[in-house]
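Next, two complexes with chain A in common: one pairs it with chain B, the other with chain C.
Up next is the complex of A and B:
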């Protein structure tokens, strides 16, 4: 939010952006005042020691329906990030149920897109996190896999991005399309280039 | 990495299972198309993708036989959508009730996917349901149950349990780089099938599946012959190798009547402790290495001894 503060603040003011601050909502659930009748905090499950994300889904759905009356194009749901929900005690299957219903509402009914951030690594021993990651890989049409360079830190190349585009699952089996780029994060911009083609070495 | 498909029910039928690296739904859909072309009704219980996405790519004569049970829109009854198939309905009676809405006759049941159900219901309950479906559906005949399984979502023990219960298991994986051309790249599939007689068949093949058949024949449409005819195979099987041991116990050399410059010169073995296996192999020429050449005249080749029973390959 800080990186693109001006543009996102303007979007929020004109109703184009609905922003749920998870950290603030958690604080309100645990230490805030009594909720008014009819108002349900999307993160209510934190205080109930539960794992059902149905209230969070209903918040998403309500926000999309409210903005759908305006002249905006296809909605986009950004989730940053799902791994934190696992850390809050949500079971992996409940996280997958939440994403499932978001796909129904956003992708299938409103013809929008969902972008989800998760953390993973090749040698991860967190089975619950890997279950969520693998399940999302099965459901996704496009996977952006950002990782550091295998050779270590570099001042001019901050990381590598693998773009995996899934083939269609119609009758003809197609191989996934793989593209690899390297990138450098700047102040308000990110520069992508082919591997070994950083401006510093050209 | 291989994914594995598992058939759970007593009804036969290969089922695709996959991983995130290589999807198996396209193979599942080829089996669906094959069932429809055989004149069977196909009941699809879909939980992972919407109905229009599953129907995409099918011919009209296939879609007319497809009855889709919508387990995608509201499987957990969060929104109260009517008409869908809920996760709690996945019992033998619940499934049989849905099957009864379709036409009578041979029926294929498709689960897309079994992984979705196994993540939300215990394995014994799911396996019991699958085993009871054919008996519960009294108004029609369930010929096979196809189920898609994502192997990388389950522990290895669960996958092995399903393997042991299934009549046929088909695993799909990405083909190595360089195999295939363009976007129509093949996948690799392995199939393990248990027949009713107890015989177990295992097959690994390269496939570009657009139909239920087992993909492209790599030996087709070549400018050279990779296979032997029956006559050629019999001739090869009947040929004696030059290093077959004789009654005397020595390994005589073969005496070629002619050799070309391209024939490699190999040194004779000092001793062969064991006779060569009698499996057929292409004939080769075996010549002694000349230790010195004193003139332009090449060294004569030593003729085989009279006790030799080895025939020259050229005598055939």
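Up next is the complex of A and C:
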């Protein structure tokens, strides 16, 4: 991560990266001074006890448009992490609506991509979260599923990554492509390898 | 020492269930045992460590006056007593570390920690405490601490602006934010001579005493209060030099979805299962212990998923002076001596 830290800062300065820090925005909403008229905080819904992500969507849209005049190609919207919105009182339907609107703006209009992070587990009892996750999986072209090993903790293999690529055409009923890798996280890097091929084993 | 985000780099090598360095883990959740006995003990360990290290404390409770909590903190162990306790185990531990055993506690015995009473204390990692004694008033007096006692706050400031959270939580957040700002833990006063750390301890969050009904209803009136609180608290911790421990009566929270969300919002989650009143109290397999420790979550740097401890079978015992956490051997090998280690506190928040 450290390797990328400097490049992200530089990207931000160049205007290539727009970063909305949720924790900080939330803090500003609750403890900051009164907002000026016309300036709405993307996390305004937290103080209003609402479930309305419209201001957050507007933030995304205006950020993309502002940079759209330059030669931005294929913008990427990264959302980390969508499950948190449910903890803040947003209803699942509103979360999905937000993503839908973003898809229209980012994918259809600007030919970009959206990457969303959610938390889930096989034995989860959080129905609202599972609803959001299932719906997102259904809509997505590519699913990256990181999890610990089923056999438990291992020093040399920190986890497993499943990559599910949806078939491009439902009409042709192409099968989804599934790949499984294992990985080990190092200080500045992550190494991926096929199952059972960790460096420690070979 | 401590940065507002991870990445301060003080990772302990070759460890998995490390002595959870509070530097890395701003928010930690301690799921209370049924009667809150042992979770309170670990809560006090966390605060006691703050005193010995010269940190500032912020103690919040809805049921017990923070001054009373502080008076009952365990006393640091004196050097001689410490040496006696630790000597017999020292050789065993050393050899285990050398052979890179599955014992993953980063407790370095090369330099036996000396308990420093002065505030300009150690950058060292952890101390020992005598549970049978309370901390001396002199040591307490030299500590700068802040209090939040909910009944007191309600009477002092009856009217406050809420942010759609349970009233008690709103007040607590405002109080923490005020202290962080006034005392400069968020870097507000760069001219301040020496940076210090704020250790926040919140007792029994989620209980009815805080005005929340998640502990007494399957479908609580406001299921978002607690998670909103934790989210905002997380923001406060990220933006300041602070660490927080929270105890929570999870066994009373019937809505499991809430507990999952709470876990996601915390850096570290540890559950305590006491044997009091259960069949394990008299079960010979558990005769040496008072309860089990379940590590639900510890963070892993540079990873989106959390780490889970490699050791699944941890038990604790409280014997005379010391509270210890041990790797419990399985039944198959129960005739072997369990490896025991001394923990000062994990529940960082």
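As a working rule, the second predicted complex is superposed on the first by the 197 of 202 C-alpha atoms of A that agree within 3 Å, B and C clash if a C-alpha of one lies under 4 Å from a C-alpha of the other, contacts with A are read in each partner's own complex, and residues count from 1 in each chain.
Here is the rule we use: a contact is a pair of C-beta atoms (placed from the backbone, for glycine too) under 8 Å apart; a residue touches a chain by one contact, two chains touch by 3 or more.
Here the structure is a predicted model, which means the values were calculated and not measured.
S.K.: Return fit or clash for chain B versus chain C, each positioned on chain A through the superposition.
M.R.: These partners fit in the superposed model.
S.K.: Tell me which touches more residues of chain A here: chain C or chain B.
M.R.: Partner with more touched residues of chain A: C.
S.K.: Give one of first, second, both or neither to describe whether A:57 is in contact with chain B, with chain C, with both, or with none.
M.R.: Touch partner of A:57: chain B, not chain C.
S.K.: Going by the contact rule set out at the top, does A:166 touch chain B (first), chain C (second), both, or neither?
M.R.: Only chain B is touched by A:166; chain C is not.
S.K.: Applying the touch criterion given at the start, work out whether A:151 contacts chain B, chain C, both or neither, answering first, second, both or neither.
M.R.: After superposing on A, A:151 lies clear of both chain B and chain C.
S.K.: With the two structures laid over each other on chain A, which partner does A:108 touch: chain B (first), chain C (second), both, or neither?
M.R.: first
S.K.: Using only C-alpha atoms, work out how near chain B sits to chain C after the chain A superposition, in angstrom.
M.R.: 17 Å.
S.K.: In their complex, what parts of chain C are in touch with chain A?
M.R.: Going by the criterion above, the answer is residues 7, 16, 163-164, 173-174, 177, 224, 227-228, 230-232, 234-236, 238-239, 256-257, 260-261, 264-265, 300-305, 307-310, 312.
S.K.: Can you list the chain B residues touching chain A in their complex?
M.R.: Against chain A, chain B makes touches at 19-23, 25-27, 29-30, 33, 48-50, 53, 56-58, 72-76, 78-79, 119-120, 150, 152-153, 174-175, 180, 183-187, 207-210.
S.K.: If you look only at chain A, which of its residues touch chain B in the complex?
M.R.: The contact residues of chain A facing chain B are 54, 57, 93, 96-97, 100-101, 104, 108, 131, 134-135, 137-139, 166-176.
S.K.: Can you name the residues of chain A that touch chain C in the complex?
M.R.: 1-2, 23-24, 26-27, 30-31, 46-49, 83-84, 86-89, 117, 119, 121, 124-129, 146-148, 152-155, 158-159, 185, 187, 190
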